[in-house]
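Note that chain A is present in both complexes that follow, paired respectively with chain B and with chain C.
The block that comes next holds the complex of A and B.
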């Protein structure tokens, strides 16, 4: 369990902002920090990792103290058993995939088998002697994720790791994230803006605004899916809206599938391609056919 | 999407199914069957304010005031507007709970001889009504 209660004065574009956050994260859970840019999410991740110091507060992880301002104690980052994945991959361009992973380990001998295991798990076998420059965004992020796991962390911190990737690559990487979260029994803290991704990955969400937690709950509660009686519900992205007769046909991407849904003219005025939407129907309507 | 706010006036639960009656504007009772119970969904409680939601394409129209038909969700009204397309028509009804929109076939508009000002009964199946907070 991660028990965090920290304060820090931050410098925002329009003045100063007080980060004042109290949260408890269950062991082995997948938690997402959600909210507008500048809300303090990344700072909170960095405070957990020990690379930014809060002004005051406490952090304890599974009953051991990581930070206590009263006792002027801060556990050094390298002792925190934390893996960190950044949006921009942060790989060393002059090293191969294998060397990037090896560089992240404190004990080269012991970690050889761990690196091999991660290369297998993340399906990087064919790329291990390649340098990052020739890899795709998705491949680079798989390397960054593997690197974050070399030292067998208990906590994985993910700062918008998939936001630079296209939709289909994000879907694949989400599968890898879930796989490592479960395989290594991690406690994972993700920063993300993508409702579909958050719903798919997280057990619990904290919504931050101007340094404070303004809402928390299960993804279904926060994104309204639990607020209707509709049992057949998905999140998707509007691709196209066209008028047909007296109705409109809205084309929506749900996962890898494209669906078409009719809508009335008074609804489509509020929508445009690119909007993220909840698509819902009752459990009574769909038919099931064995393939 | 037709959407009206009302309060839950009756809850009838058997196993995992519940039939929820929502009274809108203290006049019209609309029933919805859901795969939820007061235990599984917090919004199911007496007098709770909820929205009833149904698609325009699920609203059935009849010129008969008391049609012998299994649809119990009935909203009487008069036609205030008809937009006739080649295949489908959008019919707007003026009712006690506000405008209700129905999209039906243009052929049915002609066969029923629907015109602006006609008295009409709008009906929705029990399983087509979604409840939302």
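The block that comes next holds the complex of A and C.
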């Protein structure tokens, strides 16, 4: 269990901002920090890793103290057992994929089988001896993820790991994330602002705004899915609203697909292109066809 | 017959200066990159002074400081038995200070250009600052290290004012090539002066050409005087 209560004064573009966060993360859960950029999500992640120092507060992980401002104690990042995946991957350009993973281990011989296992799991076999410079974004991300897992961390911290990737690559990497989270029984903290990704991956969400937690709960509670009795539902983005006779056609992007849905005037008045929406069907008569 | 000793002395001086500066400049550049000391601007200014100060000014102060007639020079002489005026070790120390910015600045700009997350990643992997510097930071700024070494070497070969002030013109001890050329011209031995000059010209061109070829366009030309 991770128990965090920290304060830190941050310098935002429009003056200072007080980061004041209290959260409890259960062991083996997948938690997402959600919110607009500049809300303090990445800082919170870095405070957990020990590379940013809070002004005061305490952090304890599985009953051991990592940070306690009253006792002026802070466990250095080198001693915290965390895996961190950076937004820019932070791979070492002077080393091959294999050497990147090897560098992360404390004992090269002992970790050999773990590294091989991770290379298999992430399907990096063919890239083992390549330098990061020539890899694609998705490949780099898989290397970064594998590297963060070499020393079996207590907590896996992911700082918008998929934001720079295209949609299909994101889907694939979400699968990898779920796979490693389950396989290695990790406690994972993800920073993300993609609702689709969050709903798919996380058990619990904390929404941050200007350094404070404004909402928390299960994905279905946060994204309002609990209120409908939908048998299936998708999140999407409104691309276009057009009028045809008395009806309106709303064009929505769901994943890679563009769907057109009929709506009427009173609904359309509240919407505009760019809105994130939930598309749900009560499934009275869905079409099922064998592929 | 041309005397080779000034050329040999020049390259010895340049080599020793480069080696010493390499090991001094890495910790110094690292400190300048990572610390937020209040006196940092003053230290940065002192390091960069040789870029703008006439070499004779530096040479003049070295001469005063190292002279056995003064407190510091006397202390060196009496306690350590070292005399730095008009000796080769004196030349080395003067060159080290004179060429300091040419080694420190490229290394520093290399270090500060590295992605901070790369260094943080290394710390999170349990690696110390020392290991991170050795295995991650330095290998990723090879270009800057090479730039620093070549500029220092070339700059030391080109020294004149400092060397003349602190070293004088003692054959086999402090008479480096640049001074030998001046000496020969004064004595109207244009042929010998030309031989020295031509050798320096070709050798320095060859060194720089090699670096440009090896490094391609990555070799950052750094304000060279």
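In this text, the second predicted complex is superposed on the first by the 245 of 291 C-alpha atoms of A that agree within 3 Å, B and C clash if a C-alpha of one lies under 4 Å from a C-alpha of the other, contacts with A are read in each partner's own complex, and residues count from 1 in each chain.
As a convention for this text, contacts are C-beta pairs under 8 Å (C-beta built on N, C-alpha and C of every residue); 3 or more make two chains touch, one makes a residue touch a chain.
As the structure is a prediction and not an experimental result, all values here were calculated from the model.
By the touch criterion stated above, A:247 is placed in contact with chain B alone, chain C being left untouched. In the superposition on chain A, no contact is made by A:13 with either chain B or chain C.
Judged by the touch definition given at the top, the superposed model places A:280 against chain B, while chain C stays out of reach. In the superposed pair of complexes, A:51 makes contact with chain C only, with no contact to chain B.
By the touch criterion defined above, A:264 reaches chain B but does not reach chain C. Contacts of A:133 after superposition: neither chain B nor chain C is touched. Judged by the touch definition given at the top, the superposed model places A:77 against chain C, while chain B stays out of reach. Note on chain A: of its two partners chain C and chain B, the one contacting more of its residues is C. On chain A, the surface touched by chain B in one complex and the surface touched by chain C in the other have no residue in common. Of all residues in chain B, only 1, 20, 32-36, 41, 43, 53, 55-57, 83-90, 101, 103, 127-128, 130-133 touch chain A in the complex they form.
Interface of chain C with chain A (complex): residues 115, 117-118, 120-128, 135-136, 139-140. Chain contact summary for the complex, chain A toward chain B: residues 226-231, 245-247, 262-267, 280, 282-285.
Chain A meets chain C in the complex at residues 46, 49-51, 76-80, 82-84, 86-88, 90-94, 103-104, 106, 147, 151.
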